Amino acid sequence: MHNNGNGSSFNIAYVGGGSLNWATKLMGDLAYDGTAAAHVRLYDLDQTAAGRNARIGMRYAERAGQTERLRYTAEPSLKSALTGADFVIISILPGSFDDMAHDIAIPERYGIRQSVGDTVGPGGFIRALRAIPQLAEIAAAIAEFCPKAYVCNLTNPMSVLTGTLYKVFPEIRAWGSCHEVIKIRKLMAFLANRRRGEVAFGYRDAKVNVLGINHFTFVDAASVGGMDMMADYMAFAKEHHAAGWRESPIDPADEHARYFEDMNRVKFDLACRFGIAGAAGDRHLAEFMPQSWYLDENERWKFGLTPVDYRIRERTEKQAAAAALDAGAPLPPPAPSDEAIVEQIKALTGGPEHISNVNLPNMGQMQGLPFGAIVETNARFSGLGVQPVHAGRLPAALEVIVRPHTERQTALVEAVLAHDGDALLPLFLSDPLVAALSPDRAAAMFREMVAATMHRLPEALAKAGKAA
Amino acid sequence: MHNNGNGSSFNIAYVGGGSLNWATKLMGDLAYDGTAAAHVRLYDLDQTAAGRNARIGMRYAERAGQTERLRYTAEPSLKSALTGADFVIISILPGSFDDMAHDIAIPERYGIRQSVGDTVGPGGFIRALRAIPQLAEIAAAIAEFCPKAYVCNLTNPMSVLTGTLYKVFPEIRAWGSCHEVIKIRKLMAFLANRRRGEVAFGYRDAKVNVLGINHFTFVDAASVGGMDMMADYMAFAKEHHAAGWRESPIDPADEHARYFEDMNRVKFDLACRFGIAGAAGDRHLAEFMPQSWYLDENERWKFGLTPVDYRIRERTEKQAAAAALDAGAPLPPPAPSDEAIVEQIKALTGGPEHISNVNLPNMGQMQGLPFGAIVETNARFSGLGVQPVHAGRLPAALEVIVRPHTERQTALVEAVLAHDGDALLPLFLSDPLVAALSPDRAAAMFREMVAATMHRLPEALAKAGKAA
Amino acid sequence: MHNNGNGSSFNIAYVGGGSLNWATKLMGDLAYDGTAAAHVRLYDLDQTAAGRNARIGMRYAERAGQTERLRYTAEPSLKSALTGADFVIISILPGSFDDMAHDIAIPERYGIRQSVGDTVGPGGFIRALRAIPQLAEIAAAIAEFCPKAYVCNLTNPMSVLTGTLYKVFPEIRAWGSCHEVIKIRKLMAFLANRRRGEVAFGYRDAKVNVLGINHFTFVDAASVGGMDMMADYMAFAKEHHAAGWRESPIDPADEHARYFEDMNRVKFDLACRFGIAGAAGDRHLAEFMPQSWYLDENERWKFGLTPVDYRIRERTEKQAAAAALDAGAPLPPPAPSDEAIVEQIKALTGGPEHISNVNLPNMGQMQGLPFGAIVETNARFSGLGVQPVHAGRLPAALEVIVRPHTERQTALVEAVLAHDGDALLPLFLSDPLVAALSPDRAAAMFREMVAATMHRLPEALAKAGKAA
Amino acid sequence: MHNNGNGSSFNIAYVGGGSLNWATKLMGDLAYDGTAAAHVRLYDLDQTAAGRNARIGMRYAERAGQTERLRYTAEPSLKSALTGADFVIISILPGSFDDMAHDIAIPERYGIRQSVGDTVGPGGFIRALRAIPQLAEIAAAIAEFCPKAYVCNLTNPMSVLTGTLYKVFPEIRAWGSCHEVIKIRKLMAFLANRRRGEVAFGYRDAKVNVLGINHFTFVDAASVGGMDMMADYMAFAKEHHAAGWRESPIDPADEHARYFEDMNRVKFDLACRFGIAGAAGDRHLAEFMPQSWYLDENERWKFGLTPVDYRIRERTEKQAAAAALDAGAPLPPPAPSDEAIVEQIKALTGGPEHISNVNLPNMGQMQGLPFGAIVETNARFSGLGVQPVHAGRLPAALEVIVRPHTERQTALVEAVLAHDGDALLPLFLSDPLVAALSPDRAAAMFREMVAATMHRLPEALAKAGKAA
């Protein structure tokens, strides 16, 4: 897979290549970059969507005059997509939005509120039951068809799914990539500009030391243009703790913003309590804490709960937009996205080195969390591969909260892969969002949730829901 | 301190020697044993009580014809009690029952119910704030006056206080001793007798592998007379899960039993959920889980919440009984107590070896819990000292619950000894009993509780309550 | 396998049951004990020897009037011996004495002197190559035919072979048993008697804390009758460092004593250097250090190098003695041997608890050595199984020497089981006895040694010798 | 110390500022860089040398037209140099060349040959005894006068001295910098150019994954221009194993080359044996192995033993050259040196990120070596500080050799700082170079060596030599 020194093209297998989000970002970024040569093989259970994306991809390439270098094809099978791949990108939806609707609605009836429901809490747990077997299948195929490929996972729940890849195929060269951390980098750049009295820095100038687990990430050091920004951040968090803050106001008519943007109140509260800056969005951070902390009163904390019906409406719009692009509507103007994948690919193949926050098994980069658990820290991308940068340790009072999440995630992957249905309920009960219920009610909720998603589970696990 | 080979007498310093419970058990056991020669030096802030106990101790010795061997004195100072001591027993009450009343009543007003309130939860936390500085003072005195002495701590919260001894004086030869585990040994003996169809075994014949932390202890292997009893226990737990079980019924008029005895429902529930037998009493086990599990409905789970006013009444009775003994009332008939301390002392000085479950820093005896954390497992007492026996590891789903408790306990000791008041509130908030409250209400509760006990705290810590 | 409560008999499979040493000790001890009921199934590649031992076993049983309880049979296959076994004893000779002769003679031609050659050094390494596949086969058979059996390994090299059992069948309930440590217990008892001025104690009264790896074991705490004996030992070691010491002189005509007994000079030297008492015999301890330390001048250090021709002569004598017993010669007078196996069996099945030093994977009982490495410490035998007792840590300057031996042993087992011939030479070269040679000469020696034993090795390993 | 955002100048304290090597490289590089603003405060026990270097530094600055930005002063005391320092560079000679002559000559009389004698082996050990107290003094001064400064240690023995800095002042922001690894990067670039058939790459284009300990460093992954170079390297090593190889031949008249350059035979031999590329020079690598491997026959392995008299002659030449520069002789032509310090400083203060191999306490970046031991791996220099990049693990057969060196180094630092003279001899004896001697002769050698350097040691340690 490595550069053979004569500049030949790379094969990129895109699993979930009918995607309406990530695939188009990749297409735009590859075209914009203008230096990489790649054959992108789009594979999707929805072959029509993959075919549509292949056509759109070629449109991007054409506009950029890159058809010599960039090629997009829709592949009929996982095998044909993976064979000979230098890179694999995994971006799938585990189950449907209908499944996700159950993940949110059933707990709600039991009094458990979730802002996202795709990472931890009851929703994240059940989503993992659906997704782990799928990722296990992909990992096994990678082991067979392209064991040396670099593998970028974009699918949630990120920690358990990246863990699944490594559990099934320990030699895999995979990482999980998530862009939530960009938010705090933007804020750090804002603060640096404010200190300097001029707009000198963008978020790419903000270096932050990331530590934690996906969607429950923190930053304990930040530097912009050589200036240490942590004291500024902590003062800012204290100042705006009560009322919250955003760089620009949210348009109340903007439904997307209402559900996805926040006023940093959760982050500022965590900063005041633990002396460290939360890096992910408030809606993600809140789900790792007991209900009583933020989710019971999300309006007071000024972040939204994303309704699944909104996701469905949004998807319909995106599908229409993709169909239009396929039908010849004008492409968006050329510009790089916020995604790091093209930079990562170039760094791995001998281009400029790149540092991103990514999800990897803990090999020592995070003290205090178990060896082998999937953690999120910075990593160096270079011709030497993906190497985590040492990130240090969380404050003790926070580590006490993070660690059980990692232990639950590791145990969940092991239980699902071993088809050990009996192990699931005790793990489910130990989630802090679930802890608000008595174990009997929590078990009833678990049974309902498993029943609702049973058609997506291997038999052994489906039974677990009944037995529990 | 070691036996010099000529059978000379041991010096036992008893810190808290005015005790109405443990001290009298020691006196009875030493007299009953009839072989140990000891000078027991009773030290207590309440010198009158120590003097009274010294006189009672001599009465026990006289009745047993052991006045050549056994001597009891009340000591005027910690220094005089410790100097030259071969053994130190620590059994103190950190603060008063009035303090304990606040530990229970304030959380109750916030909706937090506690069955004991002396180990974890808000009550255990605040009690630790009072007790850690006291144990630190005793540890420093041991380091100065009898660094080679064996030290048996009987004071709660056991884990944090044993941890305090080691943190202040790492070379200390201390262990924490707790008899909660006898309950499950009795049950195992009952089951073995039932299997054999005859009363063949007592609890001393029941060998159990203990693992966990004090008052949240478990047993994953049990053997009586060479018979493996775990399958019997698990079947029994399943059978009696719904209704609970006791060997003999509780007299509804027996107030003590009502508050201290249980129907094993919590233990049986934990056994069904985690596949391991709970070893401590239900009222202790329940406090380590979220409110929603057992404490919200303790009557349904058939265990009592011990009211502090009952403790006060009970103490008054015991004081009266002690005064009567001091005045010549008949001593209780000679019989060994359930306490292991005399057997431990004899084993350490060359007598028969002895295995007890004790609290020690984790040196590897419990996998999965942090090195250095205070854990409870079996230990070998012999002329070689106190050596933990390897206990293995808790089931993953349970370890996820136990581990944060140990981490909180370790961090709490460090914070108090470092006078780091800022570290306290985040630790307090992370307790699963406290997690039922929003952080703002929990912080308000913390401030109230610290205010109520402020007169017992070092200044730096007392301030923390205000600042929080 | 556990006692079913009605006192039924145990099945003991003896692999290597034609043994001239251990098997007869077991027979004598079982008969002498008089309480255990057992069917001992002797299996040996040499079926004639197994049959002979079965008859001798029955003679012991008859003399003791135990034929109701004890039964001995020679088994035709490993499968028939193991099926239904409650206990398995493994005591085999890996290869022949001719092989062992090469293990000693070839290194000698290269200037490498070995006193035993069965544990570490070039001889121990090559013996391990022969033995690991044999033990792997036995472990696999145990996993198939009696997975719950307790397994006592008596075969050398003890560490690597016990490691092999666990590597092949991780759930095995095995330990390695070695009686070398009795020597220091006898010395401690001697010193205690000297201090007391009377013969009050035997070696069974000497409690010692054992730590290290098999044949390189140490004692850092010793207690006899409650008296701490370490200071006595250290003073004694210093006093006799130069001249050495033995309780009773060796008869110069006693060839066995000349090769197997020592004057404690190596032990005393190690004690003076590292502040800890060596527990194994000098001839074993010496082999773990560079040639330059003791083996270059073994006569000055007053211990012998055991010649293989003596072993062969001794075996001939033992065979004659066994044939005579089989033909009706008088049995030796009834007396317990020094072996602990019968006490261990009784403790595991509900009899009196027993503490022995045994070889087990490191689960935390020895700090400073790798987790999983086979270490030797005390362990508790009881109805709960075999549980190591925490042993602490070696002095830093000694740990630096011990640790690479454990790492080499672990890596050797892994390489042999993975048929990774390439990994062998680098490991061989890193042994301190081999380090006296340049790598080229050491590689030549390795090739010669492998060639000499090639007929006993799996093909993949035999090739390694050629390639190296 | 961090950039305050307005481009102000940095204070660099140079301890050992009279240095004839490193200081002049720094001066040249700062002038050549042309962007950094710095006040360099040179402190040396030899104040004359510091004064001379200050003047030379100003000459460099003048030539580059950088006198506005660069300032050099000689400081009268460690305190004045350190107060307000943003960076500290430590480059001292522990003792004199006369001391070093003893470090080499005494072991030589005992048959121990050393090629450098400043890292491990008897020479490195004794040098450490002299140097550790000096570095301890500097670390304490840094803690007092500039605790936030970044500290770059250039002094050997690098591992123990960097370890000393952290042991004395755990919060220090220090790393040890060594340029030995450049050699293998040059070779990798050579191989890449050869593959490409053109001179496309320099050593800065060669990315290598460094792991090990200082002067015993290895590379298990290499990438040049996106090409994986490890297979090329291994093939090259095999091809040139017997005869050795150099890019350009050594002039036999070039005495410096004779002592400092090698033919890569040791590196190629290690590569063939362990499957990994040695990164340091042969003369360094050889000293970590037993005498029998390379040093016994260094001529056959084609590397030199550096005689101390050559070092003395070379120093005289350098002193003359420095005096000439001070007197106005022409400066060398402007060009960057191979040293990374200026790039490191710029990266730490907000300039382009930089990756270097440096020596740091193991926080998890090297698996298999003890936590806290000083290891050498790549690290990221950025506004966030110095963060090690995860380096993985050495091959098992090599780790067995490296690990005891790290353990000895850690124990040595602890013993010297604790003035525990008794701990020294056992550590000394465990060095593989010393292992060729019997312990008695090794102890005699130790006493001689300590006697020769006694005037440089704290009293407690000096005594140890006598007692040993």
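By letter and in written order, the chains are A, B, C and D; residue numbering begins at 1 in each of them.
The definition used in the following text is that a contact is a pair of C-beta atoms (placed from the backbone, for glycine too) under 8 Å apart; a residue touches a chain by one contact, two chains touch by 3 or more.
Note that this is a predicted model, so its numbers are computed, not measured.
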Where chain C and chain D overlap in contact partners, by chain label: none
Fewest touching-chain hops separating chain B from chain D: 2
Chain centre separation (chain B, chain C; CA means) in Å: 42
Interchain centroid distance [CA atoms averaged], chain A/chain C, Å: 55
Approximate Å spacing (C-alpha centroids) for the pair chain A, chain B: 46
Of all residues in chain D, the ones touching two or more other chains: none
Interchain contacts, given as pairs of chains that touch: A-B, A-D, B-C, C-D
Touching residues on chain B, where the partner in the complex is chain C: 2-5, 192, 195-196, 207-209, 221-228, 349-351, 353, 355, 363-367, 378, 380, 382-385, 387-392
Interfacial residue positions of chain B with respect to chain A in the complex: 269, 273-274, 290, 292-293, 296-297, 395-401, 403-404, 407-408, 411, 423, 425-427, 429-430, 432, 435-439
